[in-house]
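Please go over the structures that come below.
One chain, subunit A, appears in both complexes that follow, with subunit B as partner in the first and subunit C in the second.
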Partner chain A sequence: MSSQESYGSRLPYKFLVGLVTIVILFLEAPLIILVIQSFTAESYLAFPPPSYGIRWYKEVLTSEDWLNSISLSLIIAAVVTPLSLVLGTMAAFALDRGPKKLKHGLQTIMIAPMVLPHIVLGLGLFKMALQLDIDDSMLAYIPAHLTITIPFVIISVGASLQTFEVSLEEAARSLGASRFWAVWYITLPIIRPALIAGSIFSFIISFDEFIITFFLTTFQRTLPIEMFSTLMYQVKPSIAAVSTLTLAVTAFLTAMLILRGQVTSGDKVIK
Partner chain B sequence: MSSVELKSIVKKYGAVTAVASIDLSVESGEFVTLLGPSGCGKTTTLRMVAGFIRPTSGTLSIGDVDMTGVPPHQRTVGLVFQNYALFPHMTVRKNVEFGLKMQKVLTSERGPRVQEALELVQLESLGDRMPAELSGGQQQRVALARALVIRPDVLLLDEPFGALDKQLRDHMRVELRELQQKLKISTLFVTHDQDEALSMSDRIVVMSEGKVSQVGKPTEIYEKPQTRFVADFIGRSNILVGKLENKGKTINAEGLILPNKENMTNGDDGVSVMIRPECVKITKPDPKATSASADVKGKVTASIYLGSIVQYSVQIIDGPNLVVTQNNTGFEDLKNLTVGDDVDVSFPDSAIYILPG
Partner chain C sequence: MSRNSDQNYGALWLLTPTVLLYLATFFVPLIMLGVLSFARFEASVTTLGFYFDNYVKIFSDGITLKIFFQTVRLSLMITFWCLILGYPVALLMRSCSPKMKMVLLFCVVSPLLTSIIVRNVAWLLILGRTGIINDTLIQWDLISKPLPLMYNEFGVILAVVHVYLSFMVLPLFGALNSINSSIEEAASSLGAPYWRVFLSVTLPLSLPGVMAGCTLVFILSMGVYLTPVIMGGNFVLTLPMLITESVREQYDWPFASAMALMLLLAIGFMVILSSGVQRLVGRR
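On to the complex of A and B.
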């Protein structure tokens, strides 16, 4: 109420609500249309669909091509996520606790892959994978995905280490815990929300990655690549169904992230 | 046996010397306070005893065992931080138990020891609370219990009352001192608060710029400061620059002629004289008396009401400006003193202290 009044009259407030609604619709409408289209019973994409059914979901979940690409993407993400978490957390600790002089330079280098044009990164990784003869294999995908997922872990864990009270670790050490056990019993449980956030980011980014992986694959297809190559020569409703499935996974994980954030920030554990 | 002994301990950070050769010992069961302004090296010294900072040179022993290069977790010290540093994700009981768990005390033994520690600080009923659910004073007690439960060789306290309000601070001061004496635990206490140092310590180590200025009992530190720094830092004091006159029998302190009762000299004729504000007495001039009845006359230039005491600035005629405090006894004659009033100033000879340094 009071925030409403602080804008003065009610007219600008209504205008604001209208504007926000339009922006949200603009952002979400393509997704909503896609989701609705995925439930079509016809053999072509139309909006609104003349009839509804789960025909295309059945098709996707029985097609060997789709299932192979889905499982490849899931396997990559499942391997990348824990590796990304461990390596990123270690890097964040090193940046936070290491020599201050090196911090800014090193941090920039480690976070760069996140903001560098992925097409450039992809090209570089492609060259390297060819040289090492590891292209079109896990050995290429996993390090490639790690280069872009680790920065997210570094950022989320780094931010929480910055506000972490180091005296808690010192208290643990004075009570007989070595550095490692102090971090294990005290620091990690306290920064858990950041660890979870970093993991979820890593999973989503790996699962969704297209550009870099595209450079590295020849015969193997991750889900985004399968979707892209299917689109190249035909637009079938199965694309909409797969997209909706991908959307569901991502939305679920994001929701967990947001929910976690609320739970922890409202938690009495945090001072 | 001494619990903690520091010999020629030096800590340098590059070109900056944080601690410049300190010798210090805490005897068994003794309560020693490191007192000094911020940046004097007291916390650095404490952190070296705890093991978080490695001395640049010198040796450090705890319980007569050389600990100079030993990491913190292999020393048995109980450390209490200013912010308590309670583990926010553990209950009070788990907090206190942590040290026992790390030291691999049997699970069956831990319960009774945690209980005992909590009883010591009168928190036995709050074992299942989370730290955030406790008041500042209760958190302070948990921190103390957590440090004591491991039966440390020495208890280290780093400004433990800094975050408490004044009343609670005064209360905790008494409580901590009683507990320390009951357990006869050697304690090294760091503070910048002279009241805490004076009221709790067996011995006080006054530090300044990484060096020890003076070591002594609270009474020695307050009444017989060895340096101008100590005289200035502990309590309020008037420090006057004096010159020996009359073949050393009197001191001319900025125009105030004082007797040189102990025939103190300081190499040349220059001396520093300390007069504590509470030792000076001011009275309204007696109108019936002749003008010669009082030796020293002055004029009140400022008065600050502090409740139990009133602090005056008195400009001595042809002399220095003295800070004078008077107990607020409620007697009207002093209460009515205001800025601009003439006063007679007197102090016993024993109030005149000549600084050796």
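On to the complex of A and C.
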């Protein structure tokens, strides 16, 4: 047998790359177009915009309705993120360090809210909030958002704990550190990328959450709800500007998530 | 001190806060919906009890069941298109350079993290009556009146596929990545052409990922509310829209709860079906 061709080199690369390019265009082009349209200086949406400017950003950032909804969303996400990180990390530790035979069952229960359609979860939460008379308030939004963000923290931290070398923690403990300080100084710094990932997931999910909050609110409006009601009424360039602002926040956090995940897990995690 | 031997029940107390939270936000609300679904709703008054009124209504009012099956059909079509579009991406991600992989990963993960509403706005600007496509085509005199690109099933499917494609690609990539490529090398070195290796080695071995991705996308699609409302107007009705309307407009909690339970049953059925298929394939 002469020159052996490896399977990899025989992949129909060009065909595959062509297909994937189309898919990626399908994924990203609408967003790029949205961003371009948001910089229109006209009072209507057209592509490409006849003239450019930041007129609609000014309008959004000076409108009381938009600012109120943006700050409500930011406040909710800012409260939800740290709580979600702490509760989710505790749960992930319990699942990792607890009895092995219970792990699978418990894990299924702990991430169950993720699989439940949010429409059903929202319906149930709305009923519960009405019963307790806490609908249309933070007391309803925050536990509701936590329920959908915690599973993401459990999954990302849990995955990291699985590859974590427990002997490092045991070494610290054998040198006299208590369980808590061993975890604090050894384990948590090593699984930091997962902690960051969990926080970013929590923030974005809470910030973007629509349907559950939609059930829970009557007068208060989070950003997605304000966007939805504006959209149902009229499609104006301001909606493109707000969408772009939201996109910028989430894209930035996503980029951080991916870059940090790669950078930190490369040189920090001890193999 | 091996980890496997110690049955550390003490660690379980760390679950307490989350379990307490879930009790209030997840388990009790679900039980309440279950109880409500058997209540009776007459003249705007809900009477608790054990009635089958709501379930009978679902099957007999002529519209709910139709919308339920429409939701299932739409979800299946969305799942199908996600699989068709997602598989090539996962395949390329597996065999390209690490740098390229990061780029693809970013493209795939970013939709997962940008709000559904932003993506729907983007499609609205493209597919709408005065959207980019119609505007351009009219300007070029190719058509005289706008094409119906949204406010129909096409628009809804397109926009939902756009949002959920990543949920298909990630499990597919996971499954493809765990295949030992020496198996493919072996088949290939024995003279099998690429497509043959793909069909009889790669594809069957990636089946767990296919099933996981399809189940995930199907479940998500069954529950999607926002996209059908924005992209479908009132022309594409789905079960989540019906549920929302009956609670928010008619305050008919019992009927809404029954529909929610029906949605859960459909999803449960799908999960059992897919794990059954997986076991069947695994045994082979």
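What we mean here is this: the second predicted complex is superposed on the first by the 257 of 271 C-alpha atoms of A that agree within 3 Å, B and C clash if a C-alpha of one lies under 4 Å from a C-alpha of the other, contacts with A are read in each partner's own complex, and residues count from 1 in each chain.
As a working rule, a contact is a pair of C-beta atoms (placed from the backbone, for glycine too) under 8 Å apart; a residue touches a chain by one contact, two chains touch by 3 or more.
Since the structure is predicted, the reported quantities are computational estimates derived from the model, not experimental observations.
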item	value
Fit-or-clash call for subunit B and subunit C when the two complexes are aligned on subunit A	fit
First (subunit B), second (subunit C), both or neither touched by A:I190	first
Subunit A: partner with more touched residues, subunit B or subunit C	C
Contacts of A:E170 with subunit B and subunit C, given as first, second, both or neither	both
Subunit C, subunit A and subunit B - angle at the middle CA centre, rounded to the nearest 10 degrees	100
Subunit B versus subunit C as contact partner of A:L31, first or second or both or neither	second
Contacts of A:A41 with subunit B and subunit C, given as first, second, both or neither	neither
Smallest separation of CA atoms, subunit C relative to subunit B, angstrom	5
Shared subunit A contacts, counted only where both subunit B and subunit C touch the same residue	170
In the complex with subunit A, residue positions of subunit C that touch it	1, 3-4, 7-9, 11-15, 17-18, 21-22, 24-26, 28-30, 32-33, 36, 85-86, 88-89, 91-92, 95, 102, 104-111, 113-119, 121-126, 128, 130, 132, 135, 162, 165, 181, 184-185, 187-189, 194, 197, 219-220, 222-223, 225-226, 230, 240, 243-244, 247-248, 253, 256-257, 260, 263-264, 267
Touching residues (chain side subunit B, partner subunit A) in the complex	50-52, 71-73, 75-79, 81, 83, 85-89, 98-99, 102-103, 130, 132-133, 146-147, 150, 156
In the complex, subunit A residues that touch subunit B	165, 167-168, 170-178, 181-182, 185-186, 189-190, 268-271
Touching residues (chain side subunit A, partner subunit C) in the complex	4-8, 10-12, 16-17, 19-20, 23-24, 26-28, 30-31, 33-34, 37, 45-47, 87-88, 90-91, 93-102, 106, 109-110, 112-113, 115-121, 123-128, 131, 143-144, 146-147, 150, 166, 170, 201, 204, 207-208, 210-211, 214-215, 224, 227-228, 231, 235, 239-240, 243, 246-247, 250-251, 253-255, 257-258, 262
